[in-house]
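By letter and in written order, the chains are A, B, C and D; residue numbering begins at 1 in each of them.
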């Protein structure tokens, strides 16, 4: 998971990109960057860290130009080096270009290997660099044709924003797995962003979503943009955007993330067969579903776990006596509310099971008598390969244990998951979704 | 508002103080510090910024010793200089001492003026320094008697933690306006802290609250502590701790802050005479009251305003088009949920009215048809002088406008406050409270 | 001007590279970097700033491996971006490689243009990246043959150090314009470095200079290295290394820089026709020549200009009254010594004439009665293109004014330059030199 | 050793103080600070580190006002904490005052103990704080009388600069042990500074030295200043200022430091009974004396040891093979010049003998055949207590060994010191000096 933004026809292009990245910080805190074209050259500032640490009034002001693209990079284990920040800016036969990418190319190794065989050098570990090479090496005449040819070579889930000296190109994969929306800025310029919450902050007007398989070409100084429909399949937006990734205030493919999470909670409630004194969300990710759950069952919602939002950069100083410190730095259950109670805890998902086990343990220690764990998504049985950093098969607890075994592992009194059908029903039966983590249907294949 | 902590008889005294300050970060982000006694000398690290910025494994490890005190300082307008971090450590006739303070001395100017007349020099702007001087200048023989004499000179609301080379002294004002609790660490040591949420993180066991007018003396290596009851009045804990300051998971004077905030919401609901499609809290401060409000009226609770928790250090780059950016960086209302709805918005308080006005404006822009603003505390008509940084009389909107005028100012469709009686009823009629912001009863006078 | 270092067969490869870069800091303060191969992968740390700012015990320790290369980058006007730090590390068909370069390729634009035409992307502005591309694109089978082929394509002055997972390649241009020496570490490993002063610090034993046109291949774990003589011309080391670049304690092509500078001073003295009370060097660059000058003429040397070595990062706060502040922050002439005296000032060179003019003005203001300026190199009439960042023709004062005009411009009472013959005579008539700045003989042509 | 500066009647008071501190950075790199009075309040910025690290255009601009004092603190072993930066600013009965101090009070413990007995608190370890307390506690009516009374209580060597809201007070001890000079700024204001090199940078005109026992009172807006002669003794400027502390371009008590160091070298030469091929200074501190030595004996001066000026913040990464790394990071002897030679090495002083021993060892390793060490000051047999941080009796090698034993220890072929008479003769027999390090005459006694 990452975030991309593209801005054109705005004197404040880099400032708007900055705010958009800030609004989408939840999609990636590992690294961020902005590239700006001033009509001739492209200048880039990128670094590790959060948007607010990397940019300041001084360096943002050096990014002058009316075309900007930006990127937030999600923290991925192990391999994080400075070079792995985006956008990737390069000088090639068509001049300066810069590219940013949210998604994953399933044939990236083959493309990279082929490029390397053909003499390319890679200065990062990111598949984004593949596409920059493909564009630079294409025999087509102009950037548009080269980008199309490159996209045709890419198999995967992706949203690309590509800046040249005077154009902004935006492309979404044929299935539209990752979200991308188009809006209009108050000053008349255009913006595309992974989530609509970015538009809200800068008062951009939502126009429409970029379509699966669509390539949009914006030209500096031109209010008309061109849309080209490349190969398109039956759309399958990633269900995990609704489950976990997107901010609740974003509208993904026309649907309010918040309202869908509430419906997931309702679906959970519909099948919940135990009795509970009240509903407790794991904050913040379980709150929306918990509201839906509680409203449906008409049992109280209690914020009985408090989240400490200062946790960001806190280090842990080991002292033998303290257990579960990492979770406790973030979450504190309230004994006064929980003591002697039978509760249902709503979380968004169970991945490895580690955190759920600790939360149940903390709630038990805080006096909860019975703890029913209800999870607002199906069992995660398969690694995602379409742009989400999920663990391997071996680490996914539901890939290796059935529900009862997971329940025992996390030491809950009961454990309820959504079924895949209930998940789909919550989002809307009228369309299809990318559900690979749940059903293993790797529909985009190499 | 600030936070204090004191630890004794623990090999990890500074680590526990660090975690306690982290858990109480909400009480002050301006500056923090920890002083540690190693049995001979006192060493202090303090600086501007948040706890997690100031301390790191390396510098925390230099704070070796079994007695530690710590402090979080609340951001106060204008006067913040490096020197104004606590604890204040000083070398005096009794050796090294360090003092930290949460509260405010109403006779601080007189004490300071008298001290200055008597030849004292002040290297900070804090009234904490007054007390260090009083201790140093006392003619009494030992630190205990000097501290008692100094406390007798102080009129105000206070919690002091005082470290010497081998003792920890803890004192609370005669009315017990500011909270202070006593607990036992897992390793057998003692801890005192402004809020019990600090105990939860480090798994300290709550023993009891420090009593109004109580002085507790802990001695290094001695599991027995001595309690001396100095002058005590009818206890009057500050009601604002329940309204706003304390974390919802803290227990203040035996009462769950979360549950009391829910009761305030219920009281509000009881008198709420309008119709609303649902209840919307201003996150995070209005959430607890909104839950109580919604449960009482059996109308849905909707998290229709989303808070961005990354906001900490974000700078604002001015662009002419963007209004209300400062509020919008933190709060985003959801159009999909709000459009065409009649809502009741729950906030914890109205101080200047500026933020409330902006929130109403954002909600209106997001499509809300009718906006009833319900405030989970009474009108704030008087500046606090007992340790809370409230604005002057001139800036307090309710000191200058009646409810209808305030409603017009914030442009809400209706405006409901708690009455003072309802506030007190929510906390509990069986005891008295400091209510100065609401009733102007400055019961601690100079 | 830059510095390169390469180390192999040492467990402390990165530490030795670090010290070598520190010893050669005078060759470039803009950026530095070290790449280390652990036998499989290459890891790089590079950044803007001085060696001692970029590296610390913590990050240096992450550079584990027995092969290291490093680079100091000289500050060049305008174009300094993060990407322009070296080494350039890349993943290519032969695995990870890293390359660092001191020098300049005169056909770099053509190579770059051709590479770009062929589909390459450039992520930096440095010609070093050209060579990485050439290696990656070569059709030859192994790295050695590819590197040789790439070198054959390069026209210019260069010293390259190239690391692969298990080899270190070192190459010097056919004329040997830039210096490069080979040494043996105390732990048995090999080191190559731009200057021998790097060997002194780490007690490496000087073996010999790398020969013009020589390619040396070191293999990890093998004490034998292979030398291949590629195309070689009559050697022409850059005379400016003796004039200005190299540290006086370095031995360049077998000759002590310090002793040669003294000889330049002697040559100047031999033709000096004025009378002077004493000799004053411009510190530190004019000291060696001034000693030779004074010894020859048997007139006293006086350190009448004092240099402030803290000047590094000082900012200048403009106040109207203060003139020449930038020069004065570094240099202060002593009135007590200078007053009423007739002096000869020795500087290493005159480039734009700006600094010389200010120094003469400061000396005059400090009371010197007559100021003879003697410059220990010939008039600089031509821009260098072999790895030195000299100004354009328009900015070079001696390209536009004759000696008398320059004298008038800098307001000296007399002005003496070395002739080219005297310069060559000072270094040694037995061999040839790169003298382009003086004679415009661009002997390496595209 | 430290540096003080005071500025009055200048709109750029803090900027001038900043430049003056920069010029006097050699007198202390541990910490620096500037206090500025704007006519009402005093604002201070101080921190650990060098002047150029602490101040920047932004924070310097916040120091607005026409009176400024500043301080550079010398690195002292062990006890360096944040609080130990100067100036010390305090609010007292006379309003805000700020004080900075170069020197040492020999009765500081007694004053401090008395003050502590009387109830004072100390927030630093510096004797400067004593004087702030004395001023604040004085029964005299005005600041001038209080300062005079306080000075009368101080026994020691000192230069004080004291700022109030509208006055600048400057005081020097009765013997004038530490230097202090008075100058006039280009904008008409006054400046006092420890060394005249500070005047040179900002083009201030030297007026005269502050006299021993003199108190000067400047009033904001008044071009006349008042001079009061307090108790004065036969002046005894510290000889170490000429030997080591002062910059060679400073004029101390009317005498050029550079010229006096040359005379010390001449005195050494006069008694030097060995033969030497040439003279080698230990840079930079031995250069001036070496010039005098070489001129007298008419033997060549060779800069055969090169100093690396980037050494500031370099860390040392331990590798077993490398010896003497700390000295070698700074100093590199040139084999080409030294090999087979008989040399005389000039250093400014021998304190512990450690560095001298390492230098001799490095020179020997670089091929020097015979090494005569000539030291441009007498044997240091006694700890200084007048403001110089010298080691204890036990650590001073000449306090424990005679010349022959020291020679053996440092492994030189011969060792020559100046006699006390020769030192005094070099500076000038017409007046007296503080020579305690050499003769143990602690003439300022408690």
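Operating definition for what follows: a contact is a pair of C-beta atoms (placed from the backbone, for glycine too) under 8 Å apart; a residue touches a chain by one contact, two chains touch by 3 or more.
Protein identities per chain, from UniProt: A, B, C, D = Amidophosphoribosyltransferase.
Here the structure is a predicted model, which is why all the values come from computation and not from measurement.
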item: Joint neighbours of chain B and chain A, given as chain labels; value: none
item: Label of the chain whose CA centroid is most distant from the centroid of chain A; value: D
item: Centre distance in Å when chain B and chain C are each reduced to the mean of their C-alpha atoms; value: 60
item: Computed distance of Cα centres, chain D from chain C, in Å; value: 36
item: Interchain centroid distance [CA atoms averaged], chain A/chain C, Å; value: 48
item: Touching pairs among all chains present in the structure; value: A-B, A-C, B-D, C-D
item: Residues on chain B engaged by chain A in the complex (per definition of touch); value: 12, 15-16, 18-19, 22-23, 25-26, 50-53, 55-57, 60, 185-187, 197, 200-203, 247-249, 251, 256, 258-259, 284, 287-288, 291, 295, 300-304, 306, 308-310, 312-315, 317, 319, 321-323, 325, 328-329, 332-334, 336-337
item: Parts of chain D lying in touch with chain B, wherever the complex brings them together; value: 88-93, 116-123, 132-133, 136-138
